[in-house]
Amino acid sequence: MAKLKLGMYWAATCGGCDVSVLDTHERLLKIVEAADIYFWPIAMDFKYKDVEAMEDGFLDVCLFNGAIRNSENEHLAKLLRKKSKVMVAYGACAAFGGIPALANFTTREKILEKAYKTTVSTDNPQGVYPQPSTKMPEGEITIPEFYNHVYKLSDIVPVEYTIPGCPPPADLLMTAVEAIVTGKLPPAGSTIAGEKTLCDECPLEKSEKPVINDIKRPFQVIPDGKKCLLEQGLICMGPATRSGCGAACIKVNMPCRGCFGPAKDIKDQGAKMLSALASIVKFDDEQKADQIINSMVDATGTLYRFGGANAILSPRRTEGEKP
Amino acid sequence: MNKISYYPGCTLSNTAKNFDLSARESMKALGWELDELPRWNCCGTVYSLASDNLINHVAPIRLLVHTQELGRDKLTTLCSMCYHTLKMSNLMVQKDRDKLEKINFFTKDKDAEYKGRVEVLHLLEILKNDIGFANIKEKISRPLKGLKLASYYGCLLTRPKAAAIDDVEMPTIMGDLINSLGAQAVYDPCLTECCGSYHTVMDQEVVADKAERIISSAIKNGAEAIVTSCPLCFFNLDERQKNILEKTGKAYDLPILYFTQLLALGLGLGPEVCKFDLHHIDPRPLLKAKSII
Amino acid sequence: MFEPKMICFYCKWCTYTGADLAGTSRMKYLPNGVVLKSMCSSRIDPQHILEAFKKGADGVLIGGCHYGDCHYVTGNQLTHNRVAMLQKILPDFGIDPHRLRIEWISAAEGAKLVKVINTFTEDLRAMGPRRSK
Amino acid sequence: MANAPLNYTPVETNDTLQLSGDRIGDRIFLKIEELSGEKVFRCMQCGSCSAGCPMHDRMDIAPNQIWKLLQMGEHEKVKNSESIWACLSCFTCGVRCPKGIDLAKVMEAVRQLLVRKRLDRVDGNKIPKEILEEVPQIALISCLRKQSG
Amino acid sequence: MEKIGVFVCHCGLNIAGTVDVKKVAEAISGYRDVAHAEEYKYMCSDPGQNLVIKAIKEKGLTGLVVAACSPTLHETTFRKAAQRAGLNPYKVEIANIREQCSWVHDDKALATSKAIKIVRTMVEKVRGDSPLETIKVDVTKKALVIGGGISGIQAALDIANSGYPVILVERQPSIGGHMAQLSETFPTLDCSQCILTPKMVDVSKHPNITLHTYSEVEDVSGYVGNFKVRIKKKAAYVDRDKCTGCGLCSEKCPSKNNSSEFERGMAFRKAIYTPFPQAVPNKPVIDRENCTYFQTGKCGVCAKVCTVGAINYEQQDEMIEEQVGSIVIATGYEVHPVSKFAEYGYGTIPDVIDGLQFERMLSASGPTEGEVKRPSDGKTPKEVVFIQCAGSRDPEKYFPYCSKICCMYTAKHAKLYKHKVHDGQPYVFYIDIRAGGKKYEEFVQQAIEEEKVVYLRGKVSRIYRDGDKVMVCGEDTLLGKKVEIAADLVVLASAITAQTDSRELAQKLKAAVDEFGFFSEAHPKLRPVESNTGGFFLAGAAQAPKDIPEAVAQASATAAKVTALFSGKYLEHEPIVATVVEDLCSGCRICVPACPYGAREYDKEKKVARVNEVLCEGCGACVSACASGATQQNNFSDQQFYEMISTALEESNV
């Protein structure tokens, strides 16, 4: 069998996904054995023209990580889509928008203002913002345009598979590679992870009837290591998050933040978690319930930490503001 | 010495000096100073019931502003009418921020804005809750032994429910105080009947009627004097005995006392703080008969 | 005039029956809402509400039984919690939380239902169309 | 027309109330509700306000009848009554009302309708000197506050 | 592919007057999956139903939408019709275009376009509906009756007489309830004890009735047809099998100053006692709190005098477990105590009593042996004032509702008082007289005409003690005059309230109570004796204030319901329940607290949450709570909601 032709690209992301490939340790050799890497900017020197030069559908698989944040991201997504037979949204950012998509709850103006004007370390007396194109003596130079909205990969191009996680655990990557190599691919559109939600893998003990009496933030409690974190008042996204990570965070006493995205039949991870949470908030007393609900700090950011580009509603600042 | 802001009101500074002085002196004996507001105005005497008459609430609210300016959060008063007006106006603006804003608009030229955090208390409430009747009992040097007294609350100390200092139908606060002074409180079913109030200006006859009913009921239940907390009740029950005599020929001669006068006597203060000369029915013979003075 | 589109989720036992009562009493109200019935208001998933907004609803009304009077004992309390939480996060999605309203309307309160629908419609008219749909 | 001579003095006869939907819940009614903040139709005519009223004997219209007349649109009768002036705002009716409505507020509202048109009950200038000297200040002020504009 | 038929009803002009039904039918006929659309004048009529049946058969329809009146009226009608034509009844939905469209809108164009939207959403719902079968459940043919007052007695006897075993639980030492305390009953004035006692004896002798007195229901689990009940039999310290009921122990017991509950505090009883002479069972219990032996360890007189050795100080509470198929709640009422009335002296005036105390006074077996004597000094009262609506019809301070029976029993009290004290004068203060019942109005009129009872229309403002008299300050609103009566005795017709602990019982049973603690019926008109929760039936004043005939009638009605439940081989349960896809469930258990019926359980073996279909009432709370999508509700799935929402918001091109 011919060796697979593999491409990897990073868009708006932290780079962790690329690093996660290295987490396979010696199993990396197995990947290299099965596949030739034709494009991987973080590791090897390629130019865009190298990609442009490929025939359409040249790559067998493209692992695309990172969200679509600017015009360059979009351009590359479309380009790689054309050049790849199978497009994989690799990691939470490509899959659901991820951390970059938290920006969707604010505006481009506010982000630029913060980054270029109001941070303590900023020194920008003229208040200059980066411009997509600038005239210089040498001619006009352009940089990618910063979008007002962060998109997940599938908003821009069709995607065959999703490997979620921030970053995806090495095991999942290996599962995917094996599936590709052996040709035992699940139907297109599948997510390569667990079917159930995280509670299935979670080692902590739950009571028969979970109830929350108050909501706490992780720094406020030292979890006892045995009891369900949700019942200890920490917002653990476990019930609304797809399994497959082996409860990695929980095992180090951190509540799940939801980087594996929603379960199979769920449209909106945040809304579902909200509903679940509201169902176990002590609810026989209206006032007390409201108190608990109101004590939640940054509800949206917590519930949509990774799903900012994957919610039913497209996040848009306050009503009336321009998108 | 504990200090509490005190609003005497117009009548206590004039015709009811006996009430005012006995209160100040007794409180002093209990280790409390009634600290008169440095600036004060008439409270308006009645709480305006019409929903749009906001201007009438300016006067009482201004008093609360003065209290607030002193950095105090409690204001006490003795006269039932003042108490009621201040208490009700205060409750109204605490409940309705919109109205508070409008009233502040009136007052803010000269005074600060009222924040709504002052509590209006009747002196009886302070005696009961802050000092405690048991503590008062301990400080009594001259128990008022053998004195049978009917408490008379009138309308405004217990009605409406929001302003009530005690149970609406069966208040006992004054009776409890009387008992702790060593006197004997007798039950009088007329304890919250109205005395006729300001009708005393236009219609002395009706007030005499009401007063007679209250006085005769007290006597029937064995009272030797009636204790009250309101200068108008006091006047109607005391002074109008003259009219009862004119009208019916009956001389009840039942002394009417302020609860603070009794407190003063119990605490061993001299009768001079009680200014018994301001009474129409002189209580001194009764008090002498019981060897209290 | 701007005619807002509303989705009205009614529970079968109280609000739906209250709406029937408004009908049998021939009370009139504005026709902007389409009613979707569920057994209990607690069946209304926050996802349904978001979906309604996504598909262009200008307002979503949830009608349930009064507190303590729920046909399913505690269902409406759950609904209250979910709606309260959802209202907290709606502004982050560019939706005025007043576009989501929860009302307890009993089977006997046809008149209340009429009032709620009319005032809600009026309020939505005043708010105008949603900027981002 | 000739009438047979009677050997007793006839009492004043009662007039029939001609009710009209125009007056029931009319502008004046609404004004009274607004000023008092009370819902007049909440009254169910149990009569407990009258039963406890200390000034009942000075009233030409019993307290519960005031509610009834207002419900029937007969505001004029209420305005012309002695009762509204007799009411002392002692709040006995209010604390015992099973429906929690306060007649004292309604009485005040009707008084306000009148005194705002300068139809004062008491003229402060005409109070005799000996009374002015005799009564406590609070009696005078409250009297004027309640009975004049 | 689905083939859906849509049938639009004119309902005469009720719908067709405002909605253009032709246009609705036309507009829907091209809609996705709609295979048939027609309109007809009266769809619910026989010819209308035949149209439906015909279309199902001829066109092989797989689903049905009837656009007509509210589903509460004819959903069942059309589901049955569909069933007759071989279509699963759960594939039938009603589009409510009458109550929620034609009747509430005026504008024909708007109403028509809204009707089309409504019909479309229902087509979407039917597309997603699954054919369902009702759930069948076995029935334990044994009933539990809680409460041994007249309602409980009647219900128990009726069920037992139908041949089913009954367990009757009563928390007092004897059955009989409040009716046993009454003297004579309106409007016939027959003696309460005389008509009640035979029934009490019947209960004790009935082979199908197991009687547990001095017992309380501790816990109920399970569901309609199969309840598991735990009953606590409180220790009576008397072996009831040995005891012969001779009464010697009570006679000799030295502790005698214990206030008698049965006499409502107007007499004393011993520490070992039967509440009243006709008690069933007529065997005593020891009141531990007041027993010298239990308090000091000395005495033991009862044990010494008992000839059969029935006294057992070591007796313990006993737990009994029973399986029953249905439960009758007949826990009765309480009377709002005199001590709660501020304006009536907070119970400090001894000659102010409540109606039940007056009943005891009138009763020949009561503390005064039927003579009217006032509590303060035992004198015969000459002026007696009865105050109706004491606490009732008073939303501000007490209870907003009418206690219903006071008008009648007060008239009876006044009448009986006159029978006993010929020269006495009764007065009755009332707000309205509510005597709607057979021979009731006549009874009240008789009291006025024949006994010269003075009825005063008005509420008493205040009463107070004045020497040895009780001053009553009232108003006669008909005269517009204040009324004062110096009474010797005042009887308050105190509000009838729910049992003070009815909420706790309701929680144990998982049945609903209203804001006042009365048990809620499933439907105020059409299901007045059923509780919302399956298998519970309500008898007597536990549901609302009731007089004896009403209580008995309702008790018999519950018996009919219980026997109907027992008559079939199975129970049928609505299949609109929650379901779980076990492959998707992670066992997070968030659904468990969301369920008010305990129908969601965690399966420890499989590590998934399950639905107990029989307990599930189909509210869907757990479905919304389930964040994994493993739980759905039959015919109310998320997918159906999404489709309906989109359809409802589509711009309709009409």
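First chain written, first letter: the chains are A, B, C, D and E, and each begins at residue 1.
Simple rule for what comes next: a contact is a pair of C-beta atoms (placed from the backbone, for glycine too) under 8 Å apart; a residue touches a chain by one contact, two chains touch by 3 or more.
Nothing here was measured: the structure is a model prediction, and the numbers come from that model.
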Using the contact definition given at the top, which chains are in touch with both chain B and chain D?
E
From the C-alpha centres, identify the chain that is farthest from chain E.
A
With chain centres set to the mean of the C-alpha atoms, which chain is at the far end from chain B?
A
In whole angstrom, how far does the Cα centroid of chain A sit from the Cα centroid of chain C?
34
Whole-angstrom distance, CA centroid of chain B to CA centroid of chain C, is 53
Can you compute the centre-to-centre distance for chain A and chain D, using the mean CA position of each chain? Integer Å is fine.
74
Round to the nearest whole Å and give the separation of the Cα centres of chain A and chain E.
55
Within chain B, the set of residues that touch 2 or more other chains is 168-169
Contacts with two or more other chains occur in chain D at residues 92
At least two partner chains per residue is the criterion; list those residues in chain A.
266-267, 272, 275, 279
Would you please name all pairs of chains that touch?
A-C, A-E, B-D, B-E, C-E, D-E
Interface residues, chain D side, partner chain E - complex:
44-53, 56-57, 61-62, 64-65, 92, 96-100
Any idea which chain E residues touch chain B in the complex?
342-343, 345-346, 348, 462, 464-467, 471
Residue ranges of chain D in contact with chain B within the complex:
34-37, 54-55, 58, 86, 88-92, 94-95, 102, 104-105, 108-109, 112, 122, 127, 131, 134-143, 145-147
Which residues, counting only chain A, touch chain C once they are in their complex?
105, 266-268, 270-272, 274-275, 277-279, 281, 283-284, 286, 289-290, 293-294, 296, 299-300, 303, 311-323
For chain E, which residues are in contact with chain C within the complex?
70-72, 96, 98-101, 103-107, 110-111, 114, 117-118, 121, 510, 512, 514-515, 532, 576, 594, 596-597, 617-621, 623-625, 633, 636, 638, 641-642, 644-646, 648-649
